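Chain lettering (A, B, C and D) follows the sequence in which the chains are written, and residue indices restart at 1 in each chain.
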């Protein structure tokens, strides 16, 4: 808990980072940068969890655990995503998301 | 073991037997034996039914059994029969048995063919014994879907188009039907908040509110009506029938179209008599159009199967017309017409298939004088034709007369004029039947190749003889069948007449 | 009262004979089929004669009135408790008379056919159908209710169809059979609707209730009116429409001349003696109903009969195909019978027209069958139907010649041949009731004599043609029936019909009204003499007369173009005007609507599928905006 | 002092986030992401969640970013500038993101959170470890195991997916 800082401040921060991530996810064409945007989104969630833990239920550790698990999941996600990106790159020599449109009608 | 359960079980076992058969011989023998057993069972059912009635059982439905199926929605698998369904089951058994016989020479993927055919039959038998709207619908679907494969794979002509069209139209109908059934279901609680049910008998004891009936009666009637070739939803019939392989045409026109009529009577009319009475006129107009229009349409066709398909539109229109009259005599006529048309049209399609196999054309412009070279088939075709145009002594006459006399019992002008309009179809029918008979069978032989063709072989003869025997049997001594059916119509007619 | 139950054998033996011959078909020697068929008809004839004898000799008579006897009646189909179709046997004077007529003519025709059809490929089929026909015709006359009549009516129609189309490889025969069936079927539609209306007003099909003069049916008829006439009248006119179809009344007569494409014995049996008079029979069967409940319908029948009769007689004068002349003559004579029914009343001597009609029916059956069989004999010898190709045959075929002459005299109404007596009664009945119809029937009498003798002289006298192979008399199996029927034509006029067959069953006395008979005979003789003058010797006179008549002659020769009108109606209006458009409409409009629905669905799905573009970011965008919208909505609900 | 550091960290998070999603050089974007993660780790430190902050540093900064940089190296020309998003696309995305942010912030600010309790957080490493492996109340052994299986599965999956197709 930081003196003079409200919980809302953290939440607004989390929201902003989250939507910056969303914006990036929607606009970036490169798959890796999209992945990075996704990391931003995950991290925004972490900030929220941590803030909730600290401000609302300081006697428990749930917020930290969730954040930990999210970090773990982010790691696996990146691992799988990177492998997908690499195999995709081998196939179509590009990691432009707009060129990856095999899966359509 | 319960006889009705056996009616479903035997086809299923037959399917299993076919699927483990190796040679073609085994496949068709198991199909024939299975359907033969089915025919025997149907006959036994008729006598068992009569015996039960004789013992003084006056229930509406006999052999009623019910199993809990899906408890939370109160869906049961309940079965039972009355005179109407027993007679239609007998019809189905005859048609499928002869259908298997006519398919004796199906060589291409014969295992799959027979499996689909018999799965379809299972659906039909299940449909006729169901007392629960849900299982009825289930069997309805089971009967319709194999049709797609049967036409699409073993058909002729533009078969993919025809299969698609037929299946889609019938599926569309079943969507409407499902809506209607669900509509009935949600309004089927005896008291507000009570248990809802799919059971026909339970629903028939209720009075469904009029505003509900007004919505769902047309849905159900049209849903079943599409299968019964109600104008203007009949166009699957010419294309579908002409592309389908022989046995499928037989089954489809002979039995599946009857499911439409049966459904209209048993579900639409019986459960919602108020709307039937109120909105009947719309459908009477449509069915009258069906009858006359189908007959006129048949006059100028050139393909034998098209002629017969249009003729089926006309005849099945008569079934629906008679049902709508909500009169006991004509309802009796409707059921008789279903049976009669089932046998007749099965015979027609069987013969057309046999003739086609020999001449390799179905275009009547290229045929002529076949009576000389294939007298057996020729005579049979003529008998089928005469039955179709309502010659006394054959089944069509009895049915038509019941319909006309019954329909004419209404004292108002609308019904009478409709009856007279419908009556006129007997002349038009005569015109197209005689045209076909004259161009196909009579006159000089147009094509010298026809001199070489051979008359029917044993399984073809068996098919034809069984069907003709049934047609003539009903035509000569109609009373027992008429009595057999008419008692079962009492509850339905009673319900309809209470509204008036 | 005697038990007539044995009559049940009659229909059964004929039905069995039909089925057996039909099924056994070509498996046995053809002559066996012929003999089997003839035998069954012989049994029928014997039973009919026994029945007639015992019925008329007193078994049917109670208090001087011939009763309706129903020896056998079984339920066949039940609509309601009252509306029941029974299969049964009804004996009353007219049905017993018809039994005799049918069995006699049928037996003669069977015997005749044994010789005539020899060597034909469809020999068994022919006899099987003849049995079917005889069965149905007998079933028709002994019906106990109007629906049973309708059933056999249809069966008679179909056997006629089958027999007309006997030479099924000949297109004209096929066309003729089709035409006959369709035209009569059309008429039967009227009949059926008539039955429906009738059964609806009276609540019964049963003749014994329908025709009971004191019964409820007759009283009920006139209560409801529809378009100026009572419903009963409409019903009976519709029933008459059926009769008109079967009996070839104008304008439904067109099938009968064409029906001559069938084998000649068939024409004799079906299209001269028995089936075509079924219409007359049915009107007679329902006569109390017509006379007491709907006299307007009866008048209508009388006038239709008169018109048809005159019309057909005129056409008959111009035809050259001998069978067609006979066909038109048949139409004319049946018209005369209808006329007689039309001028009749119910009860006692007022029923003279009815009695004379039946009398004429009976006589006509004999001499017309004879005429046809003779014509068959001639055709058999000459191998042609055309009158122009004949002449001078009296030397080659003496039996045929004499019997033909007898028949001609009978039909012309020269005493003491049978036609004289019945025609005289008809004229008297017409004279008493309606003077116009009387004049018409006089003219018909003259015309009849003229065209029959035109036929006679052209065939047996006139020029001596050169024949390729010299014609010879027919074998005895064909000659015997001719002689029998000629004998019958000589004597049947002396049967006291008025004592036996009357409208109400009670007999009355008749005697010849010389005041009418003498002029009638004189007119007939005049007709004969004219024919003799024109046709006995070969001369150019007939040609000159026809030439001077010009287009009028042509109009008559073409049968007033009625056939062409029908052809126009069927081909142009029904085929091209209704059916083809219906078929077109079905394919193009109804079917295309269905296909159109499919196409629209397809179109929409093509449009929708571009949403599924494979562009990940588009999906994500839609997802995000969707989520935001949902959240907004939830917030809105939350705050409300 | 604490507040100043806090504000610096927050502004760092926001700035580096924006730079991450807008930078046109991919490697730089990755580095900005790293900075952003570092700043948030700093935030965790300030909240006394040392373990979490450490994990954030090691896993995120140490593991993930390295992975990402590897993949960048493997697939892209590092010097190339990234293609900028179209105006239409970016403006629509901006609208959507901004709308979402507004909606969320609006509801956050309008929601009255329960009163802050004054309990002490025992986020010592020992406590975290005990609870993570405890099967009693508030024990996290099941999710922990599930995560471990997930990690294994993703490892296998990543290998399988990225493996060269031997058939070719």
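Note that a contact is a pair of C-beta atoms (placed from the backbone, for glycine too) under 8 Å apart; a residue touches a chain by one contact, two chains touch by 3 or more.
Just so it is clear, the model here is predicted, and its values are computed rather than measured.
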item	value
Central subunit by CA centre of mass proxy	B
Most contacted chain pair (by C-beta pair count)	A-D
Maximum centroid distance from chain B, chain identifier (CA atoms)	D
Centre distance in Å when chain B and chain D are each reduced to the mean of their C-alpha atoms	68
Between chain C and chain A, distance of the C-alpha-averaged centres to the nearest whole Å	96
Centroid distance [mean C-alpha coordinates] between chain C and chain B, Å	37
Between chain B and chain A, distance of the C-alpha-averaged centres to the nearest whole Å	63
Residues of chain D engaged with two or more neighbouring chains	89, 92-93, 96-97, 100
Shared-contact residues (touching 2 or more other chains) in chain A	22, 26-27
Junction residues of chain B - those touching two or more other chains	none
All touching chain pairs, where touch follows the definition stated at the start	A-C, A-D, B-C, C-D
Chain C residues within the chain B interface of the complex	75-80, 83, 85, 147, 150-152, 154-155, 158, 161, 165, 168-171, 174-175, 177-178, 181-182, 185-186, 188-189, 192-193, 196-197, 199-200, 574-575, 578-580, 582-583, 586, 590-591, 593-595, 598
Residues of chain C touching chain A in the complex	609-610, 612-617, 620-621, 624
Footprint of chain C on chain A - complex, ascending	22, 25-27, 97-98, 100-105
Complex contacts: residues of chain C adjacent to chain D	617, 621, 624-625, 627-628, 631-632, 635
Chain D-touching residues of chain A, taken from the complex the two chains share	1-5, 7-9, 11-13, 15-24, 26-30, 32-33, 35-37, 39-40, 43, 46-47, 50-51, 53-62, 64-65, 67-69, 71-80, 82-87, 89-90, 95
